[in-house]
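Take a look at the following structure, please.
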Amino acid sequence: MEGFGVTVAFWILAAFTLVAAAGVMVARNLLHAVLFLVLTFLGIAGFFVLLSAEFLAMAQVIIYVGAIAVLILFAILLTPRSGRQNSETRFALPATLLAICLAAVFIFVIFDADWSEVEEDPSLAASELGEALVSTWVVPFEIASVLLTAALVGAIMLVRSPEEEAEDALA
Amino acid sequence: MSSPIKSEPFVINVGPQHPSTHGVFRLKVTVDGEKVVDAEMIIGYLHRSMEKLAEERTYTQNIPFTDRTDYLSSMSNNLGYCLAVEKLAGIEVPERGQAIRVIMAELQRLASHCMAVGAFVNDTGAWQTPIMWLLRERERILDLFEMTCGARLTCNYMRIGGVAFDLPKDFVPQARKLIRDMPGFIDEVEGLLSENEIFVARSRDIAVIPPELAINASLTGPMLRGSGIAWDIRKADPYCGYEKYDFAIPIGYRGDAYDRFIVRLEEMRQSVRILEQALDGLPGGPHSTQVPLALRPPAGEAYARVEGPRGELGYYVVSDEGPSPFRFHIRPPSLINLSVLKEMTVGGTVADAIVALGSVDIVVGEIDR
Amino acid sequence: MTREWTGEELAAAAERLVPGSVERVTPNACYLKPETLVQTFTALRDDPETDFKYLANLCGVDYWDRFEVVYHVHSFEKNHIGLYKAETRDRENPVLPSVVPVWYGAWIQENETYDMFGIRFEGHPNLKRMLLWDGFPGWPLRKDWLSMPGGLQPGLNEFSGVARRQEPPVRRYEQ
Amino acid sequence: MTTSFLATDNWWDLRDLSNLSGAILDALDKIAPQGVVYVAAPIIGFIGAFALFTLLSQLFIGVLGERKIIGRIQSRYGPNRVGPYGVLQPIADVLKLLTKEALTPSTADRLIMYSAPVVFVMPAILVWAVIPFGPNMIIADIPISLVYYLAVTSIPVLVTFMAGWSQDNKYSLFGSMRVVAMAISYEVPLVVSLLAIVVLTETLSLKEMVLWQDTYNIWLLLVQPLVLIIFFICASAELNRTPTDIAEAESEIVAGYLTEYSGMKWGLFYGMDIGYALAASAFAATVFFGGWTLFGLEEWVPPWIIFILKVWAFYFLFIWTRGTLPRLRIDQLMAFSWKYMLPIALVNLLVVCTERILWTDAFDGDKPFVYLFAIVNIALAIALVVGWARFVGYRPERTPSRPRLVREAGGYIPVSSVSGEGR
């Protein structure tokens, strides 16, 4: 994390990510907000690259940009009258207050925490990551996959029409 | 119907300007997602009021109008109209004239089916390759027409009492060459498409018309035969000496888009058979009877029909002894085949609707007249 | 060869199935009464002897004093064809029963006949101007179309001026 | 380096263009301030790749070659008016597109509509960073280049959605909905099948994969034929090439997400579609066809020429399918992805994992076993495809492709009662 280039890249990325994140909040158009969210994801992927975690950065792009953002777009399109142009809501003031409180907490934690500094090269090969996932962290990994499977099945159950259910009951 | 997730129907206009409506034809499709829930056709963009215009012109002057109804099969249209007037006026056509008419009608059927099959396959998404191959062969047929009557598309070749000109000297050898190449070429198209897994998946069990509906909805031509009904006016009510030729009627199995496709291909083969026999037995003699230019048929009415490439092409002519028809009605096969459009498209996807429309083989000039 | 039934045969068949349905007979055609038209056609379609399962052609004709609707009906099995007609003498508001319940495919031809002659088919599911646009003045295939009210004359200028109006009332044609 | 590469280190040795760029960078390092080299290196690499390969291939293989070959398939000439044999046609096309008026619908979302083609171009260029043109000719030799490729090629899906949505046109919306649904479905079997390759070669780097194929003297095409098939189908689905081009299905939804685009904005989409197809070909040539190696020939012929020829040969497959096959329907495509390719890819992955464990633990990684695996996998691929088709109840159409023939006209003839003349 040394060197002039890395520092410049960090600040550029930080500005980019923050502007994009602000865009998500400010954009009145829901679709625009999602596209700003994509930019935010890309900025975060850039941070991962700066931290020498290329694999995570690529996974971020594949999963968040390639899949999650597309799913959000789908959800917006499939929601009837979701309001392409959202106007002011009465939750604006409480939400702002809540956001300020949350930011205060975060900033306090960031400055208060006792960060441990790593001196050696933190680069982690993809194979080591994989080994860690199926050895040290195998239980959380499996729990996550079970959770995702349950979510998948639940989604399928939710969207089934009564006719299909009747057919399955007969079969 | 009460799915937990409600979706709103969505109206899309397929046409009037659309790559696969084969002209200015508009299909108003209401879709729910990809599924078609309603389809309505809106036609009339090409209406030229031919039936009214024909009441002001003499019987001979009306022949060019018939060219311009179904512009892909002008010879058959001419033939149907001439037969109707001949039936009305009681005119006999000499042997040679009849044979030439048969040759021209069958060549026209080949040309028209080339276009129909090509456009249909284009609608299923085969990116222009089959239609290019088919158009290549159609060119050769149109060359024969050009050689005979000077026009390629709107031939205006038939006359009341025969045909306009005798065949040119080169015609018979060139036509023989064409029909010698034709079966191999049809095999080529069949090899490209008939067993093609994707093509079969796209057209099999799409736009199924059960035989009862096909009869009740007055369908004709390959649409009727695709549903398994053996009906061909050339066999049932022979005109122009079709009873002399040996050919068979191809009929389909289930009445889906694929059956219509294979019926059309087989009809091309049968046409080649008829052409071979007609060219072999081409009689001599005059090609036409002398008919007064200002023909005044006796009062009455006549309904004559021919088996055009798209089906039963009927002409209903009423005469009041005047120089022009009192009433001139065309029974357009394309239009009447479209009467089951809703039955074919509703329930399928948008892509199926396009395939269904392609399998009808519409010509908008004939629908709107 | 397809056998064409004469008017007498057609009338006999119709009378046999639905007595009193025939209005008059000409050598090649049989005029049916509009009141029993649908009933007669249904019987003719289902009777094994007549077997007119297929409606080949349906069109209207304007004979100045009356409108005729022509039905060419057909049998595949027996290979014969018959010519039935129905007529109406009302030029103001010509009405005939629709044969869509008998032959489904008739809807498109009846629509066209309505479009061109203004003959209203009662019982038609969706009668509308099909080839011409809504509000087209007059009924173009009527013989008196050009002398219809509104000064309808050939030529673009007058025509386009009139075309914006709603359908003008059709005046009875005096012979 | 495992190969005995005969090229020298001289900058003029064209068999390895990295020598030239290395010489330039060395010279630059001496005169320019520190840090410039880091910026200059990718720029030189990009210019080299772009001038030597990408632009050339896009214009003359992607545009002209494709039109010429499809022209021949369709028994016509293809472009032959501009320049000798029509070689200048792509340039004329670009000039025409540049001078054409770019129409924008009044209700369009202008920001997104204008930015979509620009964003579409970026991944198409970024992909080339990890493609190895030669042993040293990689712009960014990162250890996870396969994941990089997958990540970068997942961005265009989003861009197509932007393009389709922004035009406020129903056809475009249809097209983009289709492309999004399809791309998500096809990403899954693609990644699962490529995982088998990763397991077998134990690397995520494209360069290492080429070296693996060189070491064992066998192309991965033979060791993993199933993966190549799945990759080809998935790639053509994501690229909207013909059997699966439902997103811009011309006969159904006019031009899909490109309906309202005109001028150079459309041109960028068109050109970059070809760019992505070329990138997919380059990826396939690297992973399945041995990249720059050709069984020793790369020591004599410049390896990048071998690579480029392989890319073009693979691209021909795309052209060929485009000229031949009809288009599938969207539900058929989805069913194909989820019901056929994904289970087969999973089984294949399982088998490859077993092989890998056996190979490492039981056979000590002996070289000849890879040939045994190749034979086993080819047999397995055939058995899997046939067996799975049986299992899910797929039958090739047994109904005849010729109609029945009857001699006499009459009414309805039931299918069972007459077989007809037949043939």
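We call the chains A, B, C and D, going by the order they appear; numbering starts again at 1 in every chain.
Here is the rule we use: a contact is a pair of C-beta atoms (placed from the backbone, for glycine too) under 8 Å apart; a residue touches a chain by one contact, two chains touch by 3 or more.
Just so it is clear, the structure is predicted and the values come from calculations on it, not from any experiment.
> Counting hops between chains that touch, how far apart are subunit A and subunit C?
Counted as steps through touching chains, the separation is 2.
> So which one's got more C-beta contacts, C-D or B-C?
B-C
> Look at all chain centres (mean of CA atoms) and spot the one farthest from the centre of subunit C.
Between subunit C and every other chain, the largest centroid distance is to A.
> How far is the middle of subunit A from the middle of subunit B, if each middle is the mean of its Cα atoms, in Å?
The separation of the two C-alpha centroids amounts to 60 Å.
> Return the distance between the CA-based centres of subunit B and subunit C, expressed in whole Å.
Result: the chain centres lie 25 Å from each other.
> Express in whole angstrom the distance between the two chain centres, defined as the mean CA positions of subunit B and subunit D.
Those two chain centres are 43 Å apart.
> I need the residues of subunit D touching at least two other chains; which ones are they?
Only 409-412 qualify.
> Which subunit B residues sit where two or more other chains touch them?
Residues 215, 229, 231, 236.
> Applying the document's contact rule, which stretches of subunit B touch subunit D when the two form their complex?
My answer: residues 10, 12, 18-20, 34, 121-129, 132-133, 136, 190, 192, 194-202, 204, 211, 215, 225, 227-233, 235-236, 248-254, 259, 262-263, 266, 349-352, 354, 358.
> Quick one: in the complex, what on subunit A touches subunit D?
Per the touch definition, subunit A meets subunit D at residues 4-5, 29, 31-32, 35, 38, 54-55, 58-59, 61-62, 65-67, 69-71, 73-74, 77, 125-127.
> With touch defined as at the start, can you tell me which subunit B residues reach subunit C in the complex?
It is residues 43-44, 47, 49, 51-52, 213, 215-219, 229, 231, 236-238, 301, 303, 305, 312, 314, 316, 318, 326-327, 329, 331, 335-336, 338-340, 368-369 of subunit B that touch subunit C.
> Which of the residues in subunit D come into contact with subunit B in the complex?
Subunit D reaches subunit B through residues 70, 73-76, 170-171, 174, 242-243, 245-246, 249-254, 322-332, 396-397, 399-415, 420-421.
> Which residues of subunit C touch subunit D once you look at their complex with the stated criterion?
53, 76-77, 79
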